[in-house]
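Common to both upcoming complexes is chain A, partnered first by chain B, then by chain C.
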Partner chain A sequence: MSASFERGINAFKEQIDAPVAAFFSSCVRCGLCAEACLFYTETGDPERTPINKLEPMRRIWQQEYSFWGKLASSLGLSRPVTDADLTEWETLVYDSCTLCGRCSMVCPVGNDIAYMIRKMREGMAASGHAPEGLIGATRRAVTIGSPMGVKLPALQAQIRHTEKDLGYSIPVDVEGVDYLLLLSSMEIMNFPEFISAIARIFKHAGVTWTISSEAFEATNSGIQIGVSEIAAELVERIVAAAAKLKVKYVISPECGHAYMAIRWEGPNLIGRPYDFKVVHILELLDELRAAGRLKTSGKETQRLTYHDPCQISRRGGVVQQPRNLMHEIAADFVEMPETGTMNWCCGAGGGVSSNERADEIRLKVFNRKKKQLDQIHPDAIISACSNCRIHLEDGLEEYEMDIPVLSLTETIAEHLLDREQNEGQEP
Partner chain B sequence: MTEITNDSEFRAALDRLDAGQQRLVAAGFVKSVLHLCTDERIARVLEVAGDPGASSSTLAEALKTAKATTFDCHTRCGSEGDWLEQAGYFVARAAVAALTPLGQMPGGVAWPAAMSARMAQTSKSIVTGENTAGQESENQYRLLAGFLNS
Partner chain C sequence: MTETELLMWARGPALQVATVIFLLGILVRVLEILVLGRKANLAEARGSAVAGGLRPIVSRSFPDSGTLRRSTFNVVAGYVFHTGFFIVLLLFAPHILLFRDVFGFGWPSLPTQIIDAITIVTIITLLAVLVHRIQHKVMRYLSRFQDYLVWFVTILPLVTGYLAFHRIGLTPTMLLAIHILSVELLMVVFPFTKLMHAFTLFMARYYNGSISGYRGVNS
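Showing the complex of A and B:
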């Protein structure tokens, strides 16, 4: 990842494709995207308006590809983008944007601003203006296979201990099963009970599955930092493992951006379609529920709400499935105001959480989530992304709100109907 | 004389405990892995968790401290993980579970405390390379049986 200002400018030019050019030329500067962005609404800082985060790339587009811009440049009437500009914009592009895509939803001319920020990061990374935290994560993802440095022996230890607790084995490198399960390093390190929950659910539902020892990591820091070559390499590892194990499906776990990376960006990154289908774990659980293979018993009587991870709901389209599952386990399920595709981000996605420099603003903008929660007063929050989960806990602590945060998959596992004890009975 | 030999019996026995008993048992689970956490705040909150006469305000304050400790100890998304530090994080998480009011935790507080304590041992074993699978669960079975028989 050798970087230079010249490489960055060239990368910006390469990133300006037809959609980006169309988006820039159709922006009417209405400012609606500002009100959709929690980094603007919670700070009031006009610099953090989504479209402003793209200003260096817009200037390059204008000067290089528009008639009037080229004319102005040739007459010396426009100011070229400088390294100082990119230094100034680094915090806006990486610290003040989670790629949540809420701005894209409200743009009256249909500009996908999050798509452009993603493109913008390619130029920023190539010019050496990416945060240290993301550079380190990306380096580890390439060399070790995990942005958090989780090696195979660590996963094997977690699996051994899970097997001991469960009393049966977790399938690893089993050929010819239906599903290949990916895991995020966050799950392996911070929430290993997710592995146990999956094993119990799949045993209950009769799902054949495996973990690959060669490609278990679901996340893709190449996408977060903005280096497509690395992002493609990480996708290729999963594709190779899926081919080797001859699986029909690859499961994206409870991680928002992992789903976006493997499901929606992956085939474009590697330039060909997959030989398998990617499903998010919640999609699969809901399919199993609908098919009568996943049966639960009992419901939580607490007031539960669901936090939509942006990359799963808004960007990924998995909106109804978690709600179907919530109704299976919650007697008092309450939606947040502005939910589903218009939910507010927790403030830590898109690489913000791995960027220590962004800690202060990350917690400041959590005030938006606090306002949502203050309107419904839930007893517990359920979500489906380890990163959201940690940040929700952190934000709730910061704002002195005593609300537990739980995983939807793990909560479902706690409610599995004991088929042996309830044979012949309705749940 | 109660004897517990597997997780099914263990969970069933935990489910029969009331809120106060669950907290005391959970505190015992945390205590057995306390040496894996270098943050002194956890030792202090554990004294509160293990006190049968602790007031609700003292418990709430201890929970707040335990939660703050977990945020200071956890491995943030994308940072390089250190499994020994991670062991401390799981100890802190076990303490949070032990101190959480029973009504807030689906499935009770003692079970998640037990699971987090086991994860603390697993994290340590990743560093040391020892195969300790099952040791902490066996220890927890003994602790719970001892509590029930006392």
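Showing the complex of A and C:
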């Protein structure tokens, strides 16, 4: 990644398309997006207003792609974007935005601000204004295969542990199965129970699946930092593994940005459609439930709520499936106020959690989630993103709230109907 | 130049120039957006981009409950001055007469007393909007010269129209000339400023909705 100011400006220009031009043309500076953004509501800093995070890119659009702006530039009436401007905006674009897209839902003229922030990061990274933490994560993703530096032996160790507990083997590099499971590094290192949960559910439902030793990482730092070439390279690894193992489906695990990367950005990054389908694990579990292949027994009696990971629900479209699944396992399922596609972000997505510089602000803006939780007092929070889970745990600890955070997939695995035990009851 | 000559100029050449700048300017602004194009989406669709895009063209005119609660003044004042402006523009009898003169057809008008009251409410609301823009820390931070210019050229036709109707201060001829010139100022400023949102917001809403709709989300 050789970065220069000139490369950055060119990257900005390349990113500007008709939607961006329509969005910038339409902004009336009403400020409503500020109230939709937890980085504004919890800090009160007007510079963190979502549309303001795009100001350098807006100026480039105006000066390069609007007739009047070009005229003004040629007369020397406009102020070109400088390297100092980009330095000033770096913390707004990376530390104060999780790409959650809540602003894009409320803008009265319809601006998709998150769509533009994603594009703006391409220019920021190319001009050398990406945060150190994300640069490191991206470098590890390219060289090691995982943003957290998780190597294959670490995964193999977790698989062996899981196999020992379960008493049966976890499929690795098995050709011709239906599904290829991807994992996020956080699941491998922090939540290995996820692998066990998947194994038990798939055994129960008769799903044939495998993990690839060559492409097991689901997350994509290239997208978070905003370097499409790297993002495409990471997607290609998965595409190659899927082709080699001849699978029909690739499963995106419980990780929001992984889903955005592999499901929605992937084909556009590599410039061609896939030969396989991508499903989020919650989509698959709900399909299995609807087909009668996933049966649960007993329900949690404690008061449970569901935290929508932004990239899975608002930006990804998996909104109803987790609710169907929650009703299967929760007797007392309570929604947060402003939920589903209007849920508030935990505060650590979009690369914020990989950026140590943002540690303080991500915990500060967690106060928005606290306010939501204070209105419903759940006994436990269920979510479907390991990054959300880790940050929810951090935030709850910071605010001295004693609420456990659980994975939806893992909770379902705890409630699987024991088919052998219940065989006699089947009609 | 006499008052009558000024009025004739405002109604004649000035109006023609303003109309050309207004229409050509809008055309250029819309075309310069469309020519940028966008890449085809290669990911497999979950929902309809077109249906998703059409939906917010209407639905974005109605705020979500959280926005209404958190930004009540913006939302209410926004509704009042937009509807007030369009009612006065489109339902005041002399405006309809002017339209009938040019295009040969018209529509029923509202009684002048009602138009009068709506004008006052709209002017007061716009004054409040200005105060709000100056006082609200986010709006003040975001505001540039253009935002105040646009406010000025928007309130001006309302004020000059009110003065012309009530014949306050100057001769009726002069007041009418000033009113027409203020409208022409609005038309000339329009394509160069955020007033363009009146047209481009439909494009912005469509793009936003189609991006989400493709993924199966109603935005």
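Note that the second predicted complex is superposed on the first by the 424 of 427 C-alpha atoms of A that agree within 3 Å, B and C clash if a C-alpha of one lies under 4 Å from a C-alpha of the other, contacts with A are read in each partner's own complex, and residues count from 1 in each chain.
The rule is simple: a residue touches a chain if its C-beta (ideal position, glycine included) is under 8 Å from a C-beta of that chain, and two chains touch if they have at least 3 such contacts.
What you see is a predicted model; the values in this text were computed from it and never measured.
**Q** One more residue to check, A:Ala125. First (chain B), second (chain C), both or neither?
**A** After superposition on chain A, A:Ala125 lies in contact with neither partner.
**Q** Does the superposition put A:Ser221 against chain B (first), chain C (second), both, or neither?
**A** first
**Q** Just to be sure I read the superposition right, which of the two partners does A:Val247 touch: chain B = first, chain C = second, or both, or neither?
**A** neither
**Q** Report for A:Leu134: first if it touches chain B alone, second if chain C alone, otherwise both or neither.
**A** first
**Q** Give one of first, second, both or neither to describe whether A:Ala199 is in contact with chain B, with chain C, with both, or with none.
**A** A:Ala199 contacts neither chain B nor chain C.
**Q** Applying the touch criterion given at the start, work out whether A:Val279 contacts chain B, chain C, both or neither, answering first, second, both or neither.
**A** After superposing on A, A:Val279 lies clear of both chain B and chain C.
**Q** Quick one: classify A:Ile390 as touching chain B (first), chain C (second), both or neither.
**A** first
**Q** After superposition on the shared chain, which partner residues are touched by A:Ser104: those of chain B (first), chain C (second), both, or neither?
**A** A:Ser104 contacts chain C only, not chain B.
**Q** When both complexes are superposed, which of chain B and chain C contacts more residues belonging to chain A?
**A** Between chain B and chain C, the winner on chain A residue contacts is C.
**Q** Mind listing the chain A positions that touch chain B in their complex?
**A** Answer in residue numbers: 133-134, 136-137, 140, 147-150, 153-154, 157-158, 160-161, 163-165, 167, 185-186, 189-190, 192-193, 221, 224, 300, 302, 348, 351, 353-356, 379-380, 386-387, 390, 393-394, 397, 402, 404, 406, 411, 414.
**Q** Would you mind writing out the residues of chain B in touch with chain A in their complex?
**A** Residue list for chain B touching chain A: 6-7, 60, 63, 67-68, 70-71, 74-81, 83, 86, 89, 100, 103-107, 115, 118-119, 121-122, 125-126, 129, 131-134, 137.
**Q** What does chain A use to touch chain C in their complex?
**A** Within the complex, chain A contacts chain C at residues 16-23, 25-32, 34-36, 40, 44, 46-47, 49, 51-52, 65-68, 104-112, 115, 263-268, 271-274, 277-278, 313-317, 319, 338, 341-342.
**Q** Contact residues on chain C for chain A in the complex?
**A** Against chain A, the touching part of chain C is residues 28-29, 32-39, 41-44, 46-47, 56-57, 60-61, 63-64, 66-67, 70-71, 74-75, 78, 136-144, 147, 191-192, 194, 196-197, 200-201, 203-209, 211-212, 215-219.
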